[in-house]
Amino acid sequence: MTELATSIFEAMWIAGILAFAISGALVGVRHNLDILGVLVVGVATGIGGGIIRDVILGVHPPVSFMVWPYWTTALVGSFVVFFIHPSLTKIRRFELVFDGFGLGIFSAYGAAIATEAGFDIMTCIFVGTIVSIGGGVIRDMLINDVPGVLTRDMYAVSAILGASVATVITRLTGDMLIASIIGGILAIALRLTSHARGWNLPKPRKVTA
Amino acid sequence: MTELATSIFEAMWIAGILAFAISGALVGVRHNLDILGVLVVGVATGIGGGIIRDVILGVHPPVSFMVWPYWTTALVGSFVVFFIHPSLTKIRRFELVFDGFGLGIFSAYGAAIATEAGFDIMTCIFVGTIVSIGGGVIRDMLINDVPGVLTRDMYAVSAILGASVATVITRLTGDMLIASIIGGILAIALRLTSHARGWNLPKPRKVTA
Amino acid sequence: MTELATSIFEAMWIAGILAFAISGALVGVRHNLDILGVLVVGVATGIGGGIIRDVILGVHPPVSFMVWPYWTTALVGSFVVFFIHPSLTKIRRFELVFDGFGLGIFSAYGAAIATEAGFDIMTCIFVGTIVSIGGGVIRDMLINDVPGVLTRDMYAVSAILGASVATVITRLTGDMLIASIIGGILAIALRLTSHARGWNLPKPRKVTA
């Protein structure tokens, strides 16, 4: 990649961390945690997916600890949310949007990085999916909710879509940046559209006795 | 091991993944998750224990991502459960049986593999136990239940029994296959019998003021 | 370090494991788990933080599995708690104190070890903090509580304080033992004092509609 492309790529990752951190901090505010609780949930949500990725791929210690702009971004984003946040009646909508952006960016970016690192197709899709849903699972489990990936409309589908598109485009063109942008936009679009339109996947038949 | 023994050994592991995936998918159906929620819980339960093992032992990336028959088995098993499953009044019994089979197979197989890899006795028993309870813990925590290992009759005892027997037999005879089969059968038998008979371990004295 | 200092340092770590194991076993007793459930929560709480540290730093398999005094301490401590524990009206106070000791020791010790291993300042503070809150998070999530780190007075602040002080002193003097003792005492003091005095951090503004 050119230097410019690398910078944009890095900025995307940081934007994803920020989006997830904001979603986590908003959840913390909604649960009326104190300031450090809000910061812990925000930072864990922002960098959690990346840490899971590094633990799985064997990058020690995780990049998120070593590269200070990552955790700083998550920390500052959470801090700002603590002081400036929407009223409780509107907060869930904001959570949804920021979570959707984090999901889209991380799924595509994670898959593109894994492809560039030479893993096979399915591993890359797995990695992108796990990176993108990992932070949200940590957030939801910390505050004792069933993770959104299990219950929300098209959540996992959006993550898999973003990761798959980014993997295929990176394979075909070698351009991680374009791959991440297209995969990310598709994932965000599917997630937010499916929520707005109430699209849902089929549920199991209820067989009673 | 002979080629035949190796094939049987591999088939056992896949049977364990399938059993756990079915147990996870059944829990998803019971909680009325949509199809992708059912698949996520099923796959996470099926391959979760193996991923925990690899993360702990430092196998990167986890074998469960790289070897496609593993995750494919978990995926197909969960998919089938979504369409074909018992009525809600009987579903818990099926969960119990499949979970018991997964528990037994994973505890013995995990301990045998670790012994073959040269770890000391206690580490092998730990690894077998963690592999076998890991998937179930992930399943139960995802849907916000207290993990069965903490509450169900003789759950952890069965896992430790299977892992211990398999470790000792592998050490003494060097035959991982026989060790896994005997350890696995004992663990499954103890788990299911203790449930059927209502065997339970002692509880703490209640000391009120 | 001299041989004596090394022994004291090792004894501190084991004291931390014991304190956390006791806190976990007490929670298990309070939730009326059976004896193996109590042991599982106790051991997981006692050695959980160390396992998280090793997984993150890439120590395979985790030291807590290989060094038998660690898990034996956690096991014996939990076993004793099962038989000898305070009445249910007083049990939460004991949980608090043992958890506080574990928190303080682990935060300082974990940070000192990481500093000695050559990681940069922020990584060391992260590691100390994660080691010290990890066991408690595992304990609380296992029994389906929102982790204390999110809700309890000055919990995370105490962990960060202990880790920061120990990191700085180890950097300046090279003496891990003194660093751990001072950092640990400060963390325990802050945690217990803030509980006793009811010190709390600010909560988010409630903005309703």
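All chains are identified by letter, namely A, B and C, in their written order; residue positions are counted from 1 within each chain.
To be clear about the criterion, a contact is a pair of C-beta atoms (placed from the backbone, for glycine too) under 8 Å apart; a residue touches a chain by one contact, two chains touch by 3 or more.
Owing to the predicted nature of the structure, the values given are computational and were not obtained by experimental measurement.
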- Since chain A and chain C are copies that touch, is their contact same (over half of the numbers shared) or different (under half)? different
- Task: Rounding to the nearest 5 degrees, give the angle of the rotation that lays the CA atoms of chain A over those of chain B.
- Result: 120
- Query: Between chain A and chain C, what is the separation of their C-alpha centroids in Å?
  - Reply: 29
- Message: Give me the residue numbers in chain C that touch at least two other chains, ranges are fine.
- Response: 55, 58, 141, 144
- Residue ranges of chain A touching chain B (in the complex, touch as defined): 55-58, 119-120, 122-123, 126-127, 137, 141, 144-147, 149-151, 154-157, 200-209
- Which bits of chain A are touching chain C when the two form their complex? 28-29, 31-41, 51, 55, 58, 60-62, 65-66, 68, 71, 82-83, 85-89, 141-144
